[in-house]
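Heads up: the structure comes next, in structure tokens.
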Amino acid sequence: MSADPYSARVRALFADPVHAGQLADAAGALLEDQGVRIAFSAQLAAGRIEALRFQAWGCPHVIAAAEAFCADYEGRNVAELLDFSTSGLMQSLSVPVEKTGRILVIEDTVRLLAQELVKLSPKEP
Amino acid sequence: MSADPYSARVRALFADPVHAGQLADAAGALLEDQGVRIAFSAQLAAGRIEALRFQAWGCPHVIAAAEAFCADYEGRNVAELLDFSTSGLMQSLSVPVEKTGRILVIEDTVRLLAQELVKLSPKEP
Amino acid sequence: MAEHVDLIYLDYAASTPVDPWVVEAMTALMTADGNYANPSSTHVAGRQSVKFIAHAAGQLAALLNTDPSRLIWTSGATESDNLAILGGAHYRQKRGRHLITMRTEHKAVTDTFAELERQGYSITWLNPEPSGLLDMAKFEEALRDDTQLVSIMHINNETGVIQDIAQIGAICRDRDILFHVDAAQSVGKIPVDLSALPVDMMSMTAHKVYGPKGIGALYIADRAGVHVDPLLFGGGQQRKLRPGTLPAQQIVGFGTAAAIAQSRMLRDLEHLNAMRDRLWSGIQDIPGLSTNGAIGCAFPGILNVSIKDVEGESLLLALEPLCVATGSACNSKNQEPSYVLRALGTSDALAQSAIRFSFGRPTSARDIDIAVDRYRSSVARLRNLAPGGVA
Amino acid sequence: MAEHVDLIYLDYAASTPVDPWVVEAMTALMTADGNYANPSSTHVAGRQSVKFIAHAAGQLAALLNTDPSRLIWTSGATESDNLAILGGAHYRQKRGRHLITMRTEHKAVTDTFAELERQGYSITWLNPEPSGLLDMAKFEEALRDDTQLVSIMHINNETGVIQDIAQIGAICRDRDILFHVDAAQSVGKIPVDLSALPVDMMSMTAHKVYGPKGIGALYIADRAGVHVDPLLFGGGQQRKLRPGTLPAQQIVGFGTAAAIAQSRMLRDLEHLNAMRDRLWSGIQDIPGLSTNGAIGCAFPGILNVSIKDVEGESLLLALEPLCVATGSACNSKNQEPSYVLRALGTSDALAQSAIRFSFGRPTSARDIDIAVDRYRSSVARLRNLAPGGVA
């Protein structure tokens, strides 16, 4: 017996993942682990993330978390990506603890993405 | 779980035992056995049983059987009493087999009664 | 009862009619436009069933002042008793195999202990005092170092006698003995506060308190060492303690019945008291009459009387159209005098004449007056029918 | 479902709504002017309950072409399975302790065998062929001199695959082995003739066939050596095989549901066939789609499909407002891929994407069309969402 396993926010993000997709001519990262596959692609403009998209194969929490991440980081500085951790998402989406591993795959993919983006960014003097 | 343990005839005889009672100045027999107590009293006229009454302490089948016996033998010859057996009553009243012992107490009491009545009857030549 | 307009039902300790609100709540969980989904299903419809079940658990828990998570749904008090006693004894068997109960328990308890006896457990069967109550000194004497489980019922189903489960429980708690209470006859009828009572497990059933037949619960306290081995295995429902699709309509029926019982318990008790007193004062002067179990120790919903020199089976038939019981409903097929009354010290002859009147919400003064009348005239008629002169 | 007008319920294998006639029959055994007495009571009211129960037993027996006295009422198929398997194994244990079942059985069977394994019995767990069917040669190979009990289900609850219980039973009968069939998904849905089938025990439940939840039955054949040790102890009801107050309203609900099922079985089957075929022809061309269990061996009330490259949990959510199942209703909480599908040889990834559609009397062509639409669009959307390039 269980209550609804999905919070209203997860349901909304899953139903309408406006950041789903893949950007052309963009930096990207792709990871598969824990039965989950995540890809991010990002376009930069002046050190900022101008556009951020995801693709995901996974449970609704994974898809919602990827969408939430994109919505959150679009427009931010690349450097901020390095501070990203999933614990905030786990909470705001009420992800059940047994899914922590899957959500950490997102964190790992974000880190990959950040490395890619740092390479592309104009070096600070 | 069980169906009605009492046949319609048992119910009728139990509800209205018209031969219940004790005759004054009459021959009688009383027996107690099997947790049952039965008494019969009879008045004779010319070798015939003019009136027959019973008293009983027992389950509804015993009371109904005693009443049925009285109704049946009133008006008959004393000699016929000697042939009385409960098997007919067991059947006609649908008495459950486990109550055979109790009904046999009636038979024994009838036999006692018959002995008493034979003593009183005018000897046949 | 439609077919028997003349019946006077005075057998509420055997079973009760289902409250119309309960029927309505149950119906809503059965029909096609209601919530009929399997509560094990994860989809929206299944989750809706879960909500109804959770609400019902809350209602029953509120009646008992405990947490809903402590309740395991079963098919009735019989299964609850079995789960508590077999399950508790098995769970604790490595610590000891001595168990204590009373001879006046319901068959669901005594037959279960008899099974444990066959399995090699050692059982102490205590007798009550003539009042029906358990003597505390005798109880304490019976306790051993290896005693692991004690099962004593709350309200006796034949006599209505109420055991002091608080005191018994305190003694058990002192020695870390599992204490199980068969409360089939008390839950919803007299106050039962599980937050205050030192009770480890409690069996209950809906059909004695205007709920449906075939649904019960076992309360299991949240205390170290209190646990049962399951009797049934399957889909993992109810923390693996009792599998099977949860019968949502039955559970909601029990919950609704519990909520109704809570809201009107004092009123119900007053009514039962009035009915019992009316019956008792109508018959108490009949020579040879006695009560089974001391009236002062008894729940007012039950009055059990014996009468000298009257045969029980004939009395029962003569009492028709009263619907009353001789022994417990569950063994009223049995012509043997009740083992419960025998354990009280009642003679076989007196026990055999016992009639249990039990009252309920629908019982009216008129029902009682008819019962008084019928009882008096039946006794008189049967006594009249009996031959004198033999003891 | 009143609160969810948009839900499309396609989970009839998990549970069904209760037929309105069934609800009516049940209500008549609950209300104050109905027949609510305890069937264990000897008085007129109690005997009236007994009559209703006997009538219901006759209805269920007629559906199965057997004698009503062969039916034991339980709280559902889970309890029936436990009583048959634990009770049968215990009853026969002196003759031998080897038992056979399949990995594709319901948890109520597999968990019960697992308990017997803990008790020291030796269990052979057979795998089905990829079709879902048991291979007879493999079955015969598994038989031993000390084999005492075989339990094989009739219709599989996840795939709908129908085992040939006549053939399995004949093999068991030849060697005097107890043969138990979990028929929770078949009774009332496809013909089951117990006078012809060599089946010793059969489990069934009302809530899969438009009856109430929480009532089941176990058929026990009248054949020498066929018997079970009881699991529960108490008032001696049901020949001491299963005590407790008989839940008359539940039993009458089951009986009425059985009578309705009998009267319309062919019509129901035709309808299910039409619904299944409509759904199948609407989706079968989707690339990567496969059925779990061969459609040709399956009951038409169930269609279980897997799809490549789609994650199951997301698919289930995307399919809302369809109410469908992933694994069995009873373990659909479990995120693990279904053990039943794994036993068929399905890969974890494919098993994880399995969706069980199941159909019922109320299922309409419109429901199916919505389901087709929703399934196609959900698969497309999720595939679209997934990153390519990784296997």
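Order as written gives the chain letters A, B, C and D; numbering starts at 1 within each chain.
In this text, a contact is a pair of C-beta atoms (placed from the backbone, for glycine too) under 8 Å apart; a residue touches a chain by one contact, two chains touch by 3 or more.
Keep in mind the model is a prediction, meaning the values are calculated, not measured.
More inter-chain C-beta contacts link the pair B-C than the other of A-C and B-C. The distance from the centre of chain A to the centre of chain B, each centre being the mean of the chain's C-alpha atoms, comes to 98 Å.
Chain D has its Cα centroid 33 Å from the Cα centroid of chain C.
Look at where the CA atoms of chain A average out and do the same for chain C: the two points lie 59 Å apart.
Mean C-alpha position of chain B lies 43 Å from that of chain C.
Touching of two or more other chains is recorded for residues 1-2 of chain B.
Touching of two or more other chains is recorded for residues 40, 42, 237, 246, 333 of chain C.
Chains touching one another, given as pairs, are A-C, A-D, B-C, B-D, C-D. Contact residues of chain A toward chain C in the complex are 1-5. Residues 1-4, 7, 9, 11, 14-18, 20, 22-23, 27, 30-38, 40-46, 48, 74-79, 81-82, 86, 106-108, 111-112, 114-115, 205, 207, 212-215, 231-237, 243-250, 316, 320-326, 328-333, 362 of chain C touch chain D in their complex.
Chain contact summary for the complex, chain A toward chain D: residues 1-2, 6, 11, 14, 17, 20, 22, 30, 32, 37-39, 55-60, 63, 98. Looking at the complex, you find that chain D touches chain A at residues 309, 311, 313-314, 317-318, 333, 335, 382, 384-390. Those residues of chain D whose C-beta lies close enough to touch chain B in the complex are 39-40, 42, 47, 50-51, 53-54, 237, 246.
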